[in-house]
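Okay, so chain A shows up in both of these, paired with chain B first and chain C after.
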Partner chain A sequence: MKLTYPHMGNLYIVVRALLTSLGLDLVLPPPTSRRTAELGVRYSPEFACFPFKLNLGNYLEAEELGADTILMAGGVGPCRFGYYAQVQREILRDLGVDMEMVVLEPPDVGYRELTDKVRYLVGDCSWWRVVKSIRFAWQKALALDNVERELLYLRPRVLEPNSLEKRYRTAVEEIDAAPDSRAISRAVQEFFKTSRRMPQRQGRFLRVGLVGEIFTVLEPFANYDLERRLGRLGVQVERSIWLSAWINDHLFGGLLRVKGGLKHADRLASPYLNSFVGGHGRETVGGAVACALQDCDGVIQVAPLTCMPEIVAHSVLPSVSRDYGIPTLTLYLDEQSGEAGIQTRLEAFVDLMAARRRKGKGGMLDGSFSGY
Partner chain B sequence: MKKVGIPRALLYYYFYPLWREFFTGLGVQVVVSPETNKRIMDAGVKVTLSEVCLPVKIFFGHVIALADDVDYLFVPRIIKVEPRAYICPKFMGLPDMLRARIPDLPHLLETAVDMRKEETDPFRCWENCFQEVGRLITRDKRLVEEATRRAFRAQQNFQRQLAAGLLLPQALEEGNTGEVEVAVVSEQSALRIGLLGHPYNLYDRYISMNLIGKLQDLGVSPVTPESLSVQDIENKVGSLPKRLFWTLGKRMVGAALNFFADTRLDGLIYLSSFGCGPESLVEELVARWAKQQGGLPLMLLTIDEHTGEAGMNTRLEAFTEMIKRRRIK
Partner chain C sequence: MDLFLGIDVGSVSTNLVLIDDRGDLYLNPLYLRTQGQPVAAIKKGLRMLQEILAPQDRICGVGTTGSARSLAGVLVGADIVKNEITAHAVSALREVPDVRTILEIGGQDSKIIILRDGVVVDFAMNTVCAAGTGSFLDQQAFRLNLSIEEFGRIALEADNPVRIAGRCTVFAESDMIHKQQMGHSLPNIVAGLCEALVRNYLNNVGKGKEIHSPVVFQGGVAASAGIRVAFQKALNMDILVPKHFNVMGAYGAALLSRDWITERGAETRFRGFEVVSCDFRPRSFICKGCPNACEVVEIRQDGAVLARWGDRCGRWGVADEKVEDAALSCSHPLR
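For the complex of A and B:
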């Protein structure tokens, strides 16, 4: 069995740590690229969301490299994600691509279903070893989030962002390759030490909160490298979704205390959105409120085009904007969003935030700056 | 007499008899917005985001049409109307979206309708909703109970009529007593086309550009998903490898699978709204299965507020011509 799974930001590293330490054979798709998007778009329904198309592209590229089994998450929520795998399976079958799909999902009828699938994957590996592997992968998730957070903080500050990004990529590669937890923390420490010493600008920097649908937030290809663009415009990005928090919320039932958990965001979302609406809709609204409370200069929401929970969130964001006096920008993204258009809109938004900062916050705000 | 407004949109097409009886039973006057027209659509389009699907935009238009004339607006937060299946995220956030988008609304009756996992009685979730809504209107508990019972009877009657073959718009009419004359469509030569689509698209004559009327004018007798019983639907979707967890999507897929197996049909038309999330996947499955089964010709019609009527007419004519020729062969 040669296992593959779709990309979402740095998630591949965490999953790779888990699966290889369980003794599984992996064939990862190449990093998501233009070609991935082209393949995915060609064979997907026109109105499926962007993540669906990129996933499919990932599978097809992985198959070219010899993968024969797809590992994918599922769900039974109101958003479309839960039925991705079923439709993708039909598409692959019609294409004559012979790949098996193993979909891990929250149990519909009972935990048996889930444990059976895990058993199928890991063979006769002991549960103890499974737990150990999960721990190891979790350490990598935390490490990745730490270096990424540092990157977001430093990017607007350092004089040479290129070399900061190079260091970051090295750190990520080292974490990916790290065989044990000692090596993981060494990679993190090393990145901290060298990057903090880089020559920096002084002053206060604009801070923008990034909220939205998880895949679009975490996958730079899907969000057109938004964080990088903002950083280069001198803006510090405060992200609302982190891999480790997400894993904790969804897989560990929120047991651990990590920064940026979802429970908090849910509370903040009312009175604007009083119900969960699937996907990350409620967290988006709560995240926007959290940004306002943390004194950010603005909020950017990103979502795949036609994403229903995000449309609901977007619909109520003007109220948040009004009540807290914080501008918001929403970007719906798919394969047709032009790079130039995105850059222009980001620049305009940054100008707006800067102007408001100069005039003193709360001074003038003509509603939200809602792009679409 | 207090007035409660019910927008003629979205779930109106599923539950109006239920809602109407409940409120009249409480001694409240029910006001329904007029049929969709250009003014209503434009008003809705104006206050909503462009990303929102047409049916939701239209819903907003209906709310605006009612807002000044009523004391309450009934817009329950629909989470689940059957166990373990959702409708669409937009239904779950509807009251919040309304509040954020339309200033000075009348009092919203927005109690959540949320069928729990273990509940099997399809009316249970409404009973809870009605109890809460009733409390806001009257102190008389017995009155609420009585009105709830009346409402359930009306809804059951409505569903019986549909199952007996009455077209939905007629079944929705008030004063329909339940004596159903089954629509006779036995004329040998008539083409029979199965329709797929959300009721709020199919039966809203403005949204659908009178699709049903047009087909009839072309000599086609349309067969609607509502003529299938819940059991027909469940039987078919029950065989899917993964349970479908969308109430509306389930109906589409179930109806499609029933239609595939129906040898009396000559074709299928699937009407969907542009930007409808669940539809983008459900429609894809239906289209792929239709191809795999190779039998029935299928036409997909996607509409939004910019769809032109002329183009639609041409496509309908071409499609019916095509299946006529096919039949002669």
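For the complex of A and C:
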């Protein structure tokens, strides 16, 4: 069995750590690229969302490399993600691509089905080993989030963002390759040590909250490298969704205490949106409130075009914006999005936030960035 | 005279505006057709300026905007490279200091900008449709064998504008031809088209935004009297069209460059009028360094690399960090 699974930002590292330590044979799809998108778009329904198309592209590219089994998550609720796996399975069958699909449904309705699937995958591996592997993968998830948080903080500050990004990629590779937890923390420490010593600008920087649908938030290819663009425009990005928090909420039932859990966002959303609208609609609203409470200068919502939960959230955001006096910008993304249009909107939004900051709230920006 | 230059390179037109240190327009603005060749248009504009300017005139700052702003910025050595939305807001504020809504329709893009107390608080650009209005009007005028000015004026003669489906310009065109074949009069059809485009703009670009007066209407399409009247009717408000409505982007860029230079007493990075005789060659290639397969764009001046952008990993920037830094830092928002 050669197992593969779709990409979502750095998720592949976490899943790889889990599956390889369980002794499974993996074939990873190449990083999501334009070719992935082309393949996925060609065989997907036109109005399927962008994540669906990219997933499909990932499978097809993995199959070329010899993968024969796909590991995919399922879902519940009004978001279409719940039937992705089923539709994708049908599309692959129609294409004559011979791949088996193992769908891990979320354990909301009981763990039995999930444990059966896991048992099927791991064979006669002991449960003790499964737990140990999960712990190891969890450590990698935390480590990745730590270095990424640091990257978002430092990107607007360092004078040479190129070399910061290079260091970040090295750290990610080291975490990926780390055979044990000592090696993981060594990689994190090393990144912290070297990156903080880089020459930096002083002063206060604009902070923008990033909320929205998880795939478009976490996958840089899907969001046209939004965080990088913003960082280079001198903005610190405060992301509302983190891989570790997501794993905790969805797989561990929110048992662990992790920064940025989604339960918190649900509570904050309640004056505006009380019901589960599927996907991360409610968390988007709550995340926007959280950003306002943390004194961010603005909120950017990203979502795949036609994403229903996010459309609901989008229609609620103006009330959040009015109540908290925080500007919001929504970007719907898919393979048709124009890079120039995104860049122009981001630049204009950053100008808008800077103008507001100068005018009232918080006074002047200082440091080498002040004013026009 | 100390002058500041603003260049707006858009899809349809390339505009150059010179202002003095008080922010007043110096000479008449230049309005050229881009014709899909931004480099040629920029060079032509500069050559024309060079001919008009007196020997004692000095360019002390340059700002660029429009969809080719980065390219233009690298070519001329801009002090500030700004997005169109900010540039338009800056110039509208200068013309109408208490402006609260800006409607801007150009060749390809249309935008709405909401201001309160002189600060931009919200904006939107066309997304799924409501695009290409300027180019579309241009094309329809051509099809009816009218000049673009006549086309706008003819709408004013309408007594009963025809209802035209305006979901997007493609539908609008087929519905409009259909109405023509049915025998409706030309003024009623043109007026109907203007109303359809305005409806489409307000629904798709201005959706949900509170439009308060004073409303300023700018961009190339503001030349069309028909569209102006359609806006007045739809919003039931007075619509102000600034004198130099079609070069407001360039004007804004010039104002921004003046503020940038005077506030910090900096020297301009303007590379001089000599650039008109340089040979600029843009090219693009797919980098094969890693599976990301980024499309890298490169501009060479007389064979030497002037700037590169588009790579995700910084590999092509690192090759010549200074040049790339220059290109990146000019798009900094606070500049």
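Note that the second predicted complex is superposed on the first by the 356 of 372 C-alpha atoms of A that agree within 3 Å, B and C clash if a C-alpha of one lies under 4 Å from a C-alpha of the other, contacts with A are read in each partner's own complex, and residues count from 1 in each chain.
Assume a residue touches a chain if its C-beta (ideal position, glycine included) is under 8 Å from a C-beta of that chain, and two chains touch if they have at least 3 such contacts.
Computed from a predicted model, the values in this text were never measured in an experiment.
A.B. asks: Taking the superposition on A as described, I'd like to know which of chain B and chain C A:Asp351 touches: first, second, both or neither.
C.D. replies: In the superposition, A:Asp351 contacts chain C only.
A.B. asks: Taking the superposition as given, does A:Pro309 touch the first partner, chain B, the second, chain C, both, or neither?
C.D. replies: Once the two structures are laid over each other on A, A:Pro309 reaches chain B alone.
A.B. asks: Quick check for you: in the superposed arrangement, does A:Tyr332 touch first (chain B), second (chain C), both or neither?
C.D. replies: A:Tyr332: touches chain B and chain C.
A.B. asks: Where does A:Pro318 make contact in the superposed view: on chain B (first), on chain C (second), on both, or on neither?
C.D. replies: Once the two structures are laid over each other on A, A:Pro318 reaches both partners.
A.B. asks: Where does A:Leu26 make contact in the superposed view: on chain B (first), on chain C (second), on both, or on neither?
C.D. replies: Neither partner.
A.B. asks: Figure out whether A:Ala73 sits in contact with chain B (first) or chain C (second), or with both, or with neither.
C.D. replies: A:Ala73 contacts neither chain B nor chain C.
A.B. asks: For chain A, which residues lie in the overlap of the chain B contacts and the chain C contacts?
C.D. replies: Touching chain B in the first complex and chain C in the second, residues 318, 332, 372 of chain A appear in both lists.
A.B. asks: Would you mind writing out the residues of chain A in touch with chain B in their complex?
C.D. replies: 45-49, 74, 76-80, 82-87, 90-91, 94, 103, 108, 272-279, 281, 305-309, 311-319, 332, 372
A.B. asks: Contact residues on chain B for chain A in the complex?
C.D. replies: Against chain A, the touching part of chain B is residues 48-52, 77, 79, 84, 86-90, 92-93, 95-97, 99-101, 112, 240-246, 274-281, 283-285, 288, 292.
A.B. asks: Which chain A residues qualify as touching chain C in the complex?
C.D. replies: 30-31, 33-35, 160-163, 165-166, 169, 206, 220, 225, 228, 232-235, 318, 327, 332, 340-341, 343-345, 347-352, 354-356, 359, 365, 369-372
A.B. asks: Within the complex, which stretch of chain C touches chain A?
C.D. replies: It is residues 67, 80, 82-86, 117-123, 125, 127, 208, 256, 259-260, 263, 290-293, 295, 312-314, 317-318, 321, 324, 328, 331-335 of chain C that touch chain A.
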